[in-house]
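You will see chain A twice below: alongside chain B first, and alongside chain C after that.
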Partner chain A sequence: MTQKKLKEVVQKVLPDVDMVIGYRQGFDPVHATPFFVTRPEQIDELIWNPLCVHNLASYIPSLTTNKKVAVIVKGCDSRAINQYLQENLINRENLVVIGIPCSGVVSVSKVLKAVDHQIIESVSCENHAVTVKTSQGEKKLSVSDVSPDKCKTCLYPTPLVYDHLVGDPITSDKEPESVYDEVRSFEEKSLEDRFQFWKTELDRCIRCYACRNACPMCICQDRCIAESRDPHWVTQKTNQTEKFMYHMIHALHLAGRCVECEECTRVCPMEIPVAKIKKKINMEMDQLFDYKAGLNAEDTPPMYTFKVDEETIEEHEL
Partner chain B sequence: MAKLGYLPKEKLTDFLENLKKKYRIYVPCQDGDAVLFQPFDGEKPLCLDRPATVSPKSVIFPQTDILFSFDYRKSSEDPKQVSIELTENLDFPETVIFGSRPCDAKGFLIYDRPYTQTDMPDIYYKGRREKTTIITLACNYPSPGCFCTSVGGDPADKEGSDILMTDVGTGYFFEAVTAKGEEIVEDAVFEDGSSYQEKAQAAHKAVADLVKKPFDSTEGLPEKLLSLFENDAFWEAEAAKCISCGACTYLCPTCYCFNITDEQAGSKGERIRSWDACMFYHFTLEASGHNPRPLKQQRLKNRVGHKFSYYPKKYEGAIACCGCGRCIRSCPVSVDISEIVAHAQEYKDEPSK
Partner chain C sequence: MSVVAGKELRIVGFLCNWCSYGGADTAGVSRFKQPSDLRIIRVPCSGRVDPLFVVKALLNGADGVLVAGCHPNDCHYSEGNFYARRRLEMLKKFLSYMGIDDKRFHYTWVSASEGARWQQVVTDFTKQIHALGPLHQKEEAGD
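What follows is the complex of A and B.
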């Protein structure tokens, strides 16, 4: 139903833009893939279902300088657009936002795990469930059982910014406090255990920079100090220290900017839950500055401003 | 007659333990939710039911290879006199890659042409390559994204392997392909394998037909891609969704490009060779600041072009892609190289594609 309405909206929008960025079926039944619609005959290929996991807003900054672009966003994705507007990274006049209220997407990794990595022959999506067919038979999975972590605590299922809304708004039934439950329970572990966890996880990192390049807020990619030789702050070695260093740089540059779309975790070919690091920093930012990234285009990110007295920061005696 | 052997599944660990006495062994292990080639330690369970997330290329071509270490030393008599001490290590151990797939083994053949079959072989690559024995597991089912049969491969291809093993239910059927492989199949743990040969062959045949065929042939492809070299619209459309990360090239069994950097702290340091990826902006960034490939479509064109046009033009038609499908499966946005090649094959010169 939503898919049909979406196509109608795209039909209306397309004549006034250079492209509409949406989703189509990917190389196998469980993967959707970003789809750049430039001609009316492509519209029919558009899909909308819980496999539409990518944050398409990430494509916008490089495009809106000289092209008029329409983009399809979920609630979580829309926070990136607000953040871009706050940081003056996009030209709003060249952007048409098609928002879709979202009741949750799936994590492809979790789906594959749920079917024991059997080859998936077909996937059908109904309300809040996906039915996956493998040679071992059919398995009906509730979307909430195989959704990425972000969906489990999603407070913004309806896009926060849009020009067209496809479908009726959805209100979140999640507790705002629950967003950082995962961070809090992780912090109950000892320092050694936490360090060991990250050492094991980050050891798999191959420094392919998928997490960085998929991140909507990582906007200095081609100038990233993870690769630059001048300054030569991070070596090209692939030992734990350098991997750790790179991920800390990534996370710290997102302080007060990470919109929690969890693309970094989703795209990691080595299945490292890197978004957890950013979530921890977001929790700190929230506690220190009472600020959540990407909620309102008029906000000023905390790192973009300066107050002589911060309510929650105790100044050192001068 | 090739040496044949049969190894019941319950004896697999015994076999690897035996092998470990003589070789350093790399096996596919589950690490988190990824499958990686790691040293066999007898404890970590093997994961043989799906191809490894990363190809085993790092065993012979490590992601970071120390070419040599250096140490600047000041003379105690005259501090202006500085000498430099260089140390290199070319002593590579005898190694076995166990449980790679036929495409992985073929990947090394693609490396061999530029790295060993030249007037100036690469001593690091060649040294490890000559000391490595490859025991390949034939695929019993194609994985999503696989297209080996379109690039001259086969789910039971023996080319590039020293032994091909096939899952025949209760055990593995081993077929030695080279003398190195024969030496291993002589291990006492093996039973006579000749009675399983037919079963293995039937399994091979059944799988080959299941592999998807995104394009029928690679004939004329190098020329076709060259004819599209200046077609910016074609490459812009194909690369639109690419995010320019290095997942495709780092997981690829045939991508062999590298970077060299000196990593120094104080007076000591190392000259290292590390994997590089043509999808990165920095890959072609020149010292002057000029970058001949500033756009992602130019970089994607290079990746496709290198594998399917420039390499085959240089090396008698050999395609530099083994169709393992890793770049498709692990791509954050599902860029599908086989689809791009198919689009190029089908491309007709019309105003809009």
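What follows is the complex of A and C.
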């Protein structure tokens, strides 16, 4: 239904743009893959279902300087567009946003776990459920059971910025307070336990930089200080110090900018909860500066500005 | 830099050129007694201090990091310390989440005339770090 409407919208938009970025079927039935539509005959390949997990907004900053681009976004992805606009990273005149209200996507790794990593023969998506067929038989999974963590606390199922909206807006039924429950419960652990947790998690990190490459807000990738030799912030050593340093760089460079699309966690081949680090800083930004990234294109990111009298920051005594 | 074993810990201080470095100088010229654990790095402004400087120091051998700049409204560059305040506050809240005690990091404001205050800050912060003990185990140092 939505897929049919989406194709109609793309049909309308395509003549005025150089490309439309959407999704098509990937290398196997459970993977969707980003798809760059440039010719009308490609439109039929477009898909829309809970397997469309990627944040396509990530492609925009490198394109809108000299091309006119249309992009398909979910609610969470749309926050990246607002954040780009705040930071002047894209040219809005060269961008057409096709928004789709999203009722939740699946986590491909959770689906694969649910079918015990069998080879998947086919996947069909109905309302709020996916049926996965393997050689062992069929399994019907509710989308909410295999959704990524971000969907469980999603406050913005309807895109916050769009030129065309495909389908009817959806309002979130989640509690705004619940977004940072994960951080609060983690903070109840002792300092030592927290350190051990990150030590164990980050120990698996192979520094493939997938989390950085997938991040929509990591826009200085070609000169990332995690890889540069001058300045030489991190070495090639594979020890705990360098792994911590790399993840702290990623987190601190996203302070007040992370739009919580959780692409970093999704792409991590070692299943490190990378987004959990950023979530803490987001919570601080919300508490200190009453700011959530990517909600409004007119906002100023909190680290780009200041107040002479900061009511929320108290001097620290020794 | 080597430390006097058993007596000293490594504390790195990032001091703004215009106020806190002057304040430390004032304390020195006035011959105020100070602990010798602190290694001072002079920066043009507290706004120059990237939170990653602090993280890098703590992860690579420092037991504590102190950042000091001009008092708010007194920045030589008008607003550098206002930006610094936001960044460093964010960092202070973040460190303990990663399992690094936020008491190992302190930021404060010391003007060039406040030699006595500087002495107080260094003494108190060094005491605090000594109470926490070394952050790094010996065997990890050469890792």
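Keep in mind that, in the parts below, the second predicted complex is superposed on the first by the 314 of 318 C-alpha atoms of A that agree within 3 Å, B and C clash if a C-alpha of one lies under 4 Å from a C-alpha of the other, contacts with A are read in each partner's own complex, and residues count from 1 in each chain.
Throughout what follows, contacts are C-beta pairs under 8 Å (C-beta built on N, C-alpha and C of every residue); 3 or more make two chains touch, one makes a residue touch a chain.
Note that this is a predicted model, so its numbers are computed, not measured.
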item	value
Touching partner for A:A251 - first (chain B), second (chain C), both, neither	second
First, second, both or neither for A:D222, with chain B first and chain C second	first
Partner chain in contact with A:P302 - chain B first, chain C second, else both or neither	second
Partner chain(s) touched by A:M285 [first = chain B, second = chain C, both, neither]	second
Partner chain(s) touched by A:I120 [first = chain B, second = chain C, both, neither]	first
First, second, both or neither for A:E175, with chain B first and chain C second	neither
Which of chain B and chain C A:E45 touches, first, second, both or neither	neither
Chain B and chain C footprints on chain A, overlapping residues	237, 239
List of chain A residues in touch with chain B within their complex	26-28, 30-36, 38-39, 54, 58-59, 109, 113, 117, 119-120, 200-201, 204, 206-210, 212-214, 221-222, 227-229, 235-239, 263, 266-267, 269-272
Chain A residues touching chain C - in the complex, by the definition given at the top	183, 186-187, 191-199, 233, 237, 239-241, 244-245, 248-249, 251-252, 255-256, 277, 280-281, 284-285, 288-289, 302-303, 306-308, 310, 313, 315-316, 318
Chain C to chain A touching residues, read off their complex	51-52, 55-56, 59-60, 72-73, 79, 82-83, 85-87, 89-94, 96-101, 106-109, 121, 124-125, 128, 143
Residue ranges of chain B in contact with chain A within the complex	31-34, 36, 49-50, 53-54, 63-64, 141-145, 237, 240-241, 243-247, 250-251, 259, 261, 263, 272, 274-275, 277, 280-282, 328, 330, 332-334, 336, 339, 352
